[in-house]
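Scrolling down, you'll hit the structures one after another.
Note that subunit A is present in both complexes that follow, paired respectively with subunit B and with subunit C.
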Partner chain A sequence: MSTQDGPLTETMTTPSTELIVAMEDAAAAARTPMWRRLLKDPQFVVTAGILIFIFMLGLLTPLLTQHGPNEADLSMVNAPVGTPGYPLGADETGRDIWTRLLHSINTAAISALIGAGVALVVGVIAGLVGGYFGKVTRAVTEWTFNLVMTFPGILLLIILMPVTGGDYRFTMLIFGVLLSPGIYRIVRNLVVGVKNELYVDAARVSGLGNLRILSRHVLFVVRGPIIIAGAFMAGSAIAVQSGLAFLGVGSIQIPSFGAMISSGFRNLYVAPTQFLWPSLMLGLITASLVLLGNALRDTLEGSKPKPVKVGRGQKVVERAETQQRDSTRLVEISDLGIAYRGPSGRAREVVSGVSLTIDRGQVVGLVGESGSGKTQTAFATLGVLPAEAIITRGSILFDGEELVGRTDKQMRALRGTAIAYIPQEPMSNLDPSYRVGAQLVEGVRAALGVSRKEARARVLALLERCGIADPVRTFDSYPHEISGGMAQRVLIAGAVASRPRLLIADEPSTALDVTVQAEILDLLRDLQAELDMAILLVTHNFGVVADICDRIVVMKKGVIVEAGATLDVFRNPHDDYTKMLLGAILDESTVRTDPAVVAPAEGAVR
Partner chain B sequence: MTLLDVSDLRVTFPGRGWRAKPAEVLHGVSLTVDAGETLGLVGESGSGKTTIGRAVLGLVRPSGGEIAFDGEEISSLKPRDRRHLAKDIQVVFQDPYTSLNPSLTVGDILAEPLVVQGATAKDARARVKTLLDQVGLPADAAERLPREFSGGQRQRVAIARALAPSPRLIVCDEPVSALDLSTQERVLDLFIEIQRATGVAYLFVSHDLSVIRHISHRVAVLYRGDLVETGTAAQVTLAPQHAYTQRLLLAAPVADPVAQRERREQRRLALAR
Partner chain C sequence: MLVYIARRLGAGIILALLVTFITFMLLSTSFEDVALTILGPAATPEVTAGLMAEKGWDRPAIVQYFDWLAHAVQGDFGESVYTSLPVAPTVMQRLLVTLSVIVPALLLTVVLSTFLGVWSASRGGVVDKISQGISLVGYIVPGLLLAIGLVVIFAVQLKWLPATGFTPISEDPGAWARSITIPVIVLTIGGVANMAAQVRGRMIDELRQDYVRTLRTRGISTTSIVIRHALRNAGSPALTVMSLEFISMFGGALIIENVFALPGYGSFAFNASLQGDIPVIMGIAAFGVLLVTVVNLTTDLANGWLNPKARVH
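Right, the complex of A and B next:
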């Protein structure tokens, strides 16, 4: 599987700091049971309350009414509201509106149950089967449901009236089948996503049968969207049943909102309120179902992590005093604090009082494990922190200019010209729908303001400089046509195009093979010397630091624990954490020497 | 005693797109794993190392060659007939974030393979307790969901799941690559400790030569679907014979500025040759 995907599959997904904050909040939320979270949502409570009340009324119909739904009394034709025995009046044939209203609730409930139920059963089963099993099964279900989808629903129901004999329950059964492609699509897509998850593979390795995997590992995971869709489908089943009855299709013996609205409609000028009651009730039920579906979605699916948004400038709590210009330092970060506000509202500091300096032409390695805040510090310097991040304190001086508190527009003037960036995953930073060259030319023109022709010439020269054998061919390639190592070279070429004074590299070689990593590090080293550019290298790999960095800064949980010249820190680490990290590096020379365990007892583990 | 015998294994993936040519990713690989030993399988992306593991697990169907486990040919078995192998062959995947079902508690995850093998709920619960203890997790972990654990802890859960049916072979697919440095070392030591205690054999797949060196008795180097070098861990990782293995060794940066400068020079010379 993964071997097909080219060189980027080694990508290591260590979680980012934001993710860790989000996960801790999610974990806290997970401990409250689902129903309790639902009960805290006012939208759920109100809509569920309304629906329960209405359907209870329906169930208690025999106790609440004195007449039959089709019992006509000619003396009561169009009786006004409040007539004794006829609280909501009577209709054009003298039937009690209150009675008919309650009976209509039951009709609606049965329609919803049959319609949504059939749609769910058919859609979920077909979706599980079609998504999970092989190509042939999927093709067959796909075709079947596409065919079902092409049927014009209402029309078909009307045409089939002779078959259904006007029984709305039979009609709803067919309508359920017509609705099922919607559910089928949802379930199939979810299953296709879930079935390649490693935990499903693990279940297969554990010897679980397909049925058990489907019910336990797949259906359980995709249940949320199905429940939500069920609520919406119940609403549309009621609406369609009413619509058909309004048109007069089906048995006239069955009291339903549609029939009542139709009758009220004919009597609109004589007794306008006859039209009002069923319409209100129908509106209330369908609106409640839709809002209930929305409330379920919010609770079951949770708030999805938002895509990182850049462009609002940096959110700052307290701006530092503008400091004296210090000409030897290119970057001077002092007492920087960055916090995230979780859904619960409390701010969590992920960087707490970081101070570091970078001289011109110096390569500084910012090292730490996941969640140490190293990337956050680098992003703050670039001015690309996500919108949820808040800079709580401190300052970042770049060439004597304060960066904290700048608007995005002001930062943009610096990014791409004086400060450049290369990312961890080169592929995700290239737009798949444009040629590589076009993307670089665009960047160069934005940064340098040169003509298209000149930009192209520059880009070609840069690609060649960055070790790409056939620059013209790469220039005309789409990102998917080049390898991960090549993509990183392309991005480096784009980054150094404007001869930046500072290059921020976030794990630039982590996602690459080790042989490619060595080449990329060589390239960075050469370019650094050639352009006398400072590099802030964010990494967790001490080998990379040893290879290229002049200085090293070690971070742990948002704080710098040690900083110094690379050789000094490697040879004489002072901080315990640094010592621990260096000690955890797997030795270069000792191999495993203990022999293989010979002839274990049957059954192996104790 | 040879536990796993892979001979002339070939795997072909269908090409992408309409009438695309199928691509062969393994061109006849042969290797063996003895009972109680670790065979390290090292290679870069696209080398086919993961595919070998998946073929052994029955998640990929080989297009040629044979895989024998304990003398029984298993590569051509139907999924239904493979079930009894679940007791003997287990897996630990790379990504501890997606290899555990997010909606099951750790206890359910660990009990599942046991219940499938026919254990009673009570036996399974007792076994889960032993397993959690064996991988160094607190006993109350059983009631919690995977997302409440860190990457290293989740990987311990995954190891416990693999150990549950007392297998004789565990395929480890980059099990420490997604972990932080300090966690990585501890998890590797756990693997070794478990092997000593239980005599389980590992087919240990990794792209990282230093990880492979740390855990393997023997090492096989894979390059673009071919096995280029096999030998003891010391032979292959300290004094490699094949040009590709040498390149791999020289490309890995040493965590020491002086030693790394030397290695860089060696690499330059080797490339210039």
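Right, the complex of A and C next:
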């Protein structure tokens, strides 16, 4: 019933300009081979170096030691650091700590290999099976792994001691199974994603067997996340093995960090350094593995979005002269420039020197393709540009007041009261956790400062005015309980609640069914006349423009290529790009039955 | 809603059956060892067989399991092979000790993680760097080392807190609080390191959602957007993290209890397991599963309350 989950909508509702900048940036980064990028990362080089050094020490144990790990010499009990033949001293039973430390490295390495290895094998196989085959198989594997995940693994490892006989390798085998749900999830998600991609379909059509499809395509995509998870799992396998050995689970004949820490802990008052060595080594190994995993993640998966201060206001490179200027226009945008800084730090202008004006009560259509900068211009006027955007130049006058350089708080006074907004995708623009009415009431109260009761009455009246048959029912519905068309009416009601002077509508009908589209445009036209508000209608559709706009502004790649009265532009377009867009629309109008670009079937889901 | 609860409860029961069944089947291979341990190395095969028959251990494992189950559902978990003490009260008593460490640690973890996560996701910049740094340090230091380190500093060197031991809350609340302070700190640091990062990630995602922009265009205040809207929506996935955090804390507590000589679930399970005290081990497994089921059910209910969509499924 709801179409708002899933990655499809996510990419769809992200402003396309941002996406384009990010993609270009990523493409530039992808040209450098992965291993070279890794070698450039100091965190990777240092942690990998430490781990290689430590595990080499472990491999070279026979060459570096003179004693056996369990060789006890009673004359050496608690020998201090630096005793000849006992560089790090000896423990409570006279065993060489240096020797035991090196042997413990090997125990840790074997634990990590078994734990992570089993988790990888079990997780990958189950993930491939669960992701690739039908619903029933997936449900069964899903359920099984959820069960595995909810049980405290360490408790299971302890109570199964009579079965494992305390052999740490057997224990790590079971622990590997307990770790596998993490890998299973990763693989299953990627497989489901890859499966829906075209190339697997193509491979299937071309007659490749299931097995080959799985191994060739899926494993290739999955390898990055698996390497990352492998580092973290190796770390937790070592930590858990040490913890269990510290408890005493397992043979006392096996030298391990946990056993050494336990013996050092008992001897803490007599010889504190005995406790220090294994702790340092264990800490160094697990910390290196975690940091290595982080470095791998940053390089292989790209950096995650960074948080920014909410309500910080839009970034401006240089402030325009903020004094009030006389302007008879409602909105006067002049020489506006907006740039995005991609993850690599290169700034790129997506709006370059846009100037346009809107008179009171006028409907202006801002037309252009995706990525032409039209939505960015609209967002800048509202003061809600994404955090990555920077206003590089220009000014936006609203009713003679400069908006560029205003703080978010100053903008907030205008938003909702003087300038309002209708988004493109109705569903994702309602907070899924609150009833529709509560969200609108909150907005009305924030904008007008009226009582809750008054706000409620106003919202109900508005919902009715916006063509909702049963306003009370809609008021008490959650967003997932109403249809897309109804959600858009709700959002329109929310926008016009405070009788704004300017309404910015960003593709208000694009995401809707064709029939609903016309109704929404009719509603906007009626409200415009009733409230005498100006509308900035952002769209890629000339058909919509022809319906209700007084003036047209055409944008392409961040600049305005044509502007004029609607009829003039339609009759006599000057720019080739405008002609092309007009041509496209005329074609479309002859086949009116075409669905809208992104119109998931959204009937009335009452 | 009732169907929803029933379904979740059903999943819990299946988990309980599965875990106890698998545990029993695996343990059933070692009944003879247990008999030998009880009787000592001098026991003849006849005497051993006699004991096996007397205890009913010579029956097929599956029959024994259902026998155990039939008693367990009536609250009778049998008695220890070695001490002859009834299993259920002993297990409960040990579980309460462990819970008295985990529950405060979990509450602290949730409060601190929510605060840190929301703070760094809504402020960014230096604040975010600091809280990320705190998380990283908590994440890379193994809990075991942290526990020992804190004992050395606060109990051995500064003598502010007792190094080991446990006082029940009913005896002396002050002494109880002191005896659990270091274990709670250790569990909380590990928990916050993990959970704050999750809350932060969810909050960053939520704050980038379309509805946040739309709410902003209606002039709604920043505080309301962050707390009422974004946090509310981030809350439901964070709850799942919390229930997993509880389970991982439970595992962690089993190990660090040993550092502080707390008479909790971990040492109890360890000893029972070392001795092969099968009825006790089964009791430990059953109560462990029961706890997990209760936690998961609570999480699901809270989730249904937070997330209107979850109520339907």
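We adopt the following convention: the second predicted complex is superposed on the first by the 476 of 606 C-alpha atoms of A that agree within 3 Å, B and C clash if a C-alpha of one lies under 4 Å from a C-alpha of the other, contacts with A are read in each partner's own complex, and residues count from 1 in each chain.
In the analysis below, a residue touches a chain if its C-beta (ideal position, glycine included) is under 8 Å from a C-beta of that chain, and two chains touch if they have at least 3 such contacts.
Keep in mind the model is a prediction, meaning the values are calculated, not measured.
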- Message: Quick check on the superposed pair: does A:Lys453 touch subunit B, subunit C, both, or neither? Answer first, second, both or neither.
- Response: neither
- Query: Which of the two partners, first being subunit B and second being subunit C, lies in contact with A:Val221: first, second, both, or neither?
  - Reply: first
- Task: Considering only touches as defined above, state whether A:Ala420 meets subunit B (first), subunit C (second), both or neither.
- Result: second
- Item | Touching partner for A:Phe246 - first (subunit B), second (subunit C), both, neither | second
- State whether A:Arg36 touches subunit B only (first), subunit C only (second), both chains, or neither. neither
- Could you tell me if A:Phe570 is touching subunit B, subunit C, both of them or neither one (first, second, both, neither)? first
- Note on the structure: After superposition on chain A, the subunit A residues reached by both subunit B and subunit C are 2, 13
- Contacting residues of subunit B [partner subunit A, same complex]: 1, 13, 16, 23, 25, 34-38, 44-51, 54, 57-60, 79-80, 82-87, 89-91, 93-95, 97-104, 112-113, 116-117, 130, 134, 145, 147-148, 151, 158, 161, 163, 165-168, 174, 177-185, 188, 192, 195-201, 207-211, 213-217, 233-234, 237-238, 247-248, 250-260, 264, 267
- In the complex formed with subunit B, which residues of subunit A make contact? 1-4, 6-10, 12-15, 23, 26-27, 30, 197-199, 201-210, 212, 216-217, 220-221, 369-370, 484, 513-515, 517-518, 521-522, 540-547, 566-567, 570, 580-582, 584-592, 594-601, 603-606
- Note on the structure: So, in the complex, the side of subunit C touching subunit A is made of residues 14-15, 18-19, 23, 26-27, 29-30, 33-34, 120-125, 128, 136, 139-145, 148, 152, 156, 200-201, 203-204, 207-211, 213-222, 224-226, 229, 232-233, 243-244, 247-248, 250-252, 254-255, 258-259, 265-266, 269-270, 272-274, 276, 278, 281, 284-285, 288-289, 292, 296, 306-309
- Item | subunit C contact footprint on subunit A (complex, rising order) | 2, 13, 147, 149-156, 158-163, 239, 242-244, 246-249, 258, 261, 265, 268-269, 275, 279, 282-283, 286-287, 290-291, 294, 304-311, 382, 384, 386-387, 408, 412-417, 419-421, 423, 425, 428-434, 439, 442-443, 446-447, 478, 480, 491, 494-495, 497
